[in-house]
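Step one of this worksheet: look at the structure below.
Here the chain labels run A, B and C in written order, and each chain numbers its own residues starting at 1.
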Amino acid sequence: MDFGPYLLLASLEGAVMAAVLALTAVGLSIVFGVMRVVNVAHGEFFMLGAVFAWWVASWAVGHPAIGFVLALVLAPILVGLIASAADMIVLKRVEYDPERTIVATIGLLYIIQQVTLMTFGPEARPVQPPFNQRLALPWFEFGENGFEIIWPWGLGTTSYKLFVIAAAIAILLAVWALMSRTKLGLYMRATQLDRQMAQAFGINVERVYVSVFGFGAGLAALGAVLIVPIQQAHYLMGGDPLLLSFIVVIIGGLGSLSGTVVAAVLIGMSDGVISMFFSPTLAKILSTLLVAFILIFRPQGLFGKRAA
Amino acid sequence: MRPETKSLALHLGLLALLVIAQFVISPFHHGNLSRIMVLAVFAMGYNVLFGYVGLLSLGHALFFSAGMYGMGLAMQHLGVSALAAIAVGILSAFVLSAVVGAVALRTTGVAFMIVTLMLAQAGYLAILYFGTYTRGDEGFVIQPEFRTIAGLDLTDPTVRYFAAFLVLAVCLLLTLRLVHSSFGRVLVAIRENEERARMLGYDVFRHKLIAVVISGTLSGTAGAVYGLLFGYVGATFATVQYSILPLLWVLLGGAGTVIGPFIGTLFMFYLIDFSSGLTSAYMVVAGVVLVLLTLFAPQGLAGEVKRRLLPWLP
Amino acid sequence: MASVNLLSTKGLSRSFGGIRAVENVDFELPEGQIRALIGPNGAGKSTFVGLLCGRIAASSGSVRFMDRDISNLPAHRRIALGMAYTFQITSVFARLSLYENVALAARRHIGGDRASVDREVASALERVGLTERTDQPAEDLSYGHQRLLEIAMGIAQHPKLLILDEPTQGLADSEIRQFNALVRELNAEATILLIEHNMDVVMEIADAITVLNFGEVLAEGEPEEIRRNKAVQAAYLGTD
């Protein structure tokens, strides 16, 4: 394949990754923004989403789409409930102290991951996509006959991958609407701005925290359900999304949703493209160093404004 | 008795117990205890920063593996003797911790945690990237014939036990000395109230930087010695898990006590050893202990003893 | 005037996001004086002393201390030159003992010599009247006693300049009388700059008073002059 079509292919793969990453990272970002805590177990909620998706789909009968739709609804709810329970049992009791919360969520990370290993097992398990037509993609070139459209062999995608991108955009719009147009969103933003003030205005901050923690985990799970037909469910699959979400949230500016989405698209797309030129390991080294240096020298993120 | 005398007696007592243990415990526990003593040095290094300065690092695997790889690579590729290789390992950790400290200390709190996590992750990935020299994930074995110092065979269990003991004893007494020194007191003051310490005229950044270097160098010493005594250098020791473990050991044993890291390492080692006999998902124990500690005993075992019984415990 | 200036500022200014907290202050403090710094709430007093000891960076202007330009020195270097600062909001090492709190203040200039540190700590605690239970943590003290501990930490540093930020806040009347006597005693060794709301204290112990209003020097002079100054009265009463 020539360079041009190859780049198009890499961008499409990158867009799928960016879509899922945006959902996961927005979940992490909302939790950090509203509650001011870093949830190290976020990647495990992603993994749980995939595992529950497999579980629900394997119970469902009939067309694979039935199982998938059920998973799309049930897995995020289940994961959200587990996260909310963790918030009530653990985080509330350490009073959301930033450092103790990190240590506690590291503990949760191991508990969730290892209990999954005990029950779900060490195998990777697939979920069938609801539909999966191959779509060939056209390319153009200036040949002997001038401009012409060609169909290079191997340049293509599937209808499911396009669905993932569309679904992620739809969900992000819904999240945006929830945050800016509903009462719950208002409560969340009020709590983010000033916890004490929110409390004084009669907002039940505790309940906001429980919902936000569950909601953030649910978003990660939603991202995982979308990706699991492409990438199988495995108990160790939470590591990469966690690291990438961290990178995205920090580059985008801690707690800024639009920054997070922009950074997710940037990182998701560039990861595919950079891997064409460099080894993936080198790309990862560069991005982790980038995050460290952004935190040190530009803590408001690349797109954020400096706080007063 | 003065508090310093009491605490010296206590720690010398612990060391004496470890010498006696050598002669009475079974070979199985004997081997375990050698590992625990070296890992406890790692924990003690971690504790200098976390327990006394109050800086929570999530990247100490970087220093541990710097010591280990510095030692291993020097032996493997430069063909130096075991003792010189240890020195190279310690020096690598020293230099790396000075560099990391100089940049990471511009942040505090959660940002410091994430910065150290990211730097350590970059270090781990670098080990994989330079697989030609490091043998990547697989790691490499240090052949038994090279594992000798001054004619002593470090593969012999008894020699190994006493080598580990020697390192532990030196580091324990050094930490004890550090904690009682004026410098150590200033570290505690910074932990308790950084702004006040600065307004008493102390150079807070310099003190923190020196603490990072001491902490990283001790961790690197543990890494170098661990690699040499047990004959294996591998990328596992650079993963996040090895940054979390010293945190876990110190939290369990009691942050900000000299004896705590040893106690925490001892308990956790056996807890994980025991549970790995029951399930392959043995790290669940680490998770449960971490959560329980944060919820119910943030002071750890020695910390609780200090709070309730022995307020002079350093 | 014959006396030498221990501390002086020229055009010292600081603004926070467009609001000028301290504006173009020229200030001179002769050696050996007890100077009170007064002014209505929000006049910039704490910001001003923050600029002196380096807790807050100046937007412009310079500070001289002991014939040396210290404008570019970080806080800890300025303190090490011979300033001591006691916090407005009590800031002691809550979980450390009284002894250790004062010892930390003393060790910076004495070093590790245990006997000298012991002597210094005992004498500083004695002067503020906190000689009992020196092994208990500072957090167990009453608020007023924590203020006294702050002052003991200041004394143990043997400063050339002692800056006290609202030291009598929260003290009982009897404690205030002791405090006044203590400040006079300390004045034998140190120049004292005192931010104070309690006008009885100011009138009783200050040699001179500087009044700040809206970040600028409104008036300066001996207590009696300041008492009669119409502008000062207006600033305090809020009339013109």
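A few points about this structure:
Following the convention adopted for this analysis, a residue touches a chain if its C-beta (ideal position, glycine included) is under 8 Å from a C-beta of that chain, and two chains touch if they have at least 3 such contacts.
Computed from a prediction, not measured in an experiment: that's the story for all the values here.
If you compare B-C with A-B, the chain pair joined by more contacting C-beta pairs is A-B. The chain with its C-alpha centre at the largest distance from the centre of chain B is C.
Centroid to centroid, with C-alpha atoms defining each point, chain A and chain C lie 53 Å apart. Work out the mean CA point of chain B and of chain C, and you get 43 Å between them. In terms of their C-alpha centroids, the spacing between chain A and chain B amounts to 35 Å. Put simply, chain C touches chain B in their complex at residues 53, 55, 74-77, 79-80, 85, 87, 91-96, 100, 103-105, 107-108, 111-112, 153, 157.
Of all residues in chain A, those touching chain B in their complex are 38, 90, 93-94, 98-100, 102-104, 106-115, 117-118, 122, 243, 246, 250, 279, 281-282, 284-285, 288-289, 291-293, 295-297, 299.
Contacts from chain B toward chain C in the complex involve residues 181-182, 185-186, 188-189, 192-193, 195-204. Contact residues of chain B toward chain A in the complex are 56, 58, 103-104, 106-107, 109-111, 113-115, 118-119, 121-122, 125-126, 128-129, 244, 247, 251, 279-284, 286-291, 293-295, 298.
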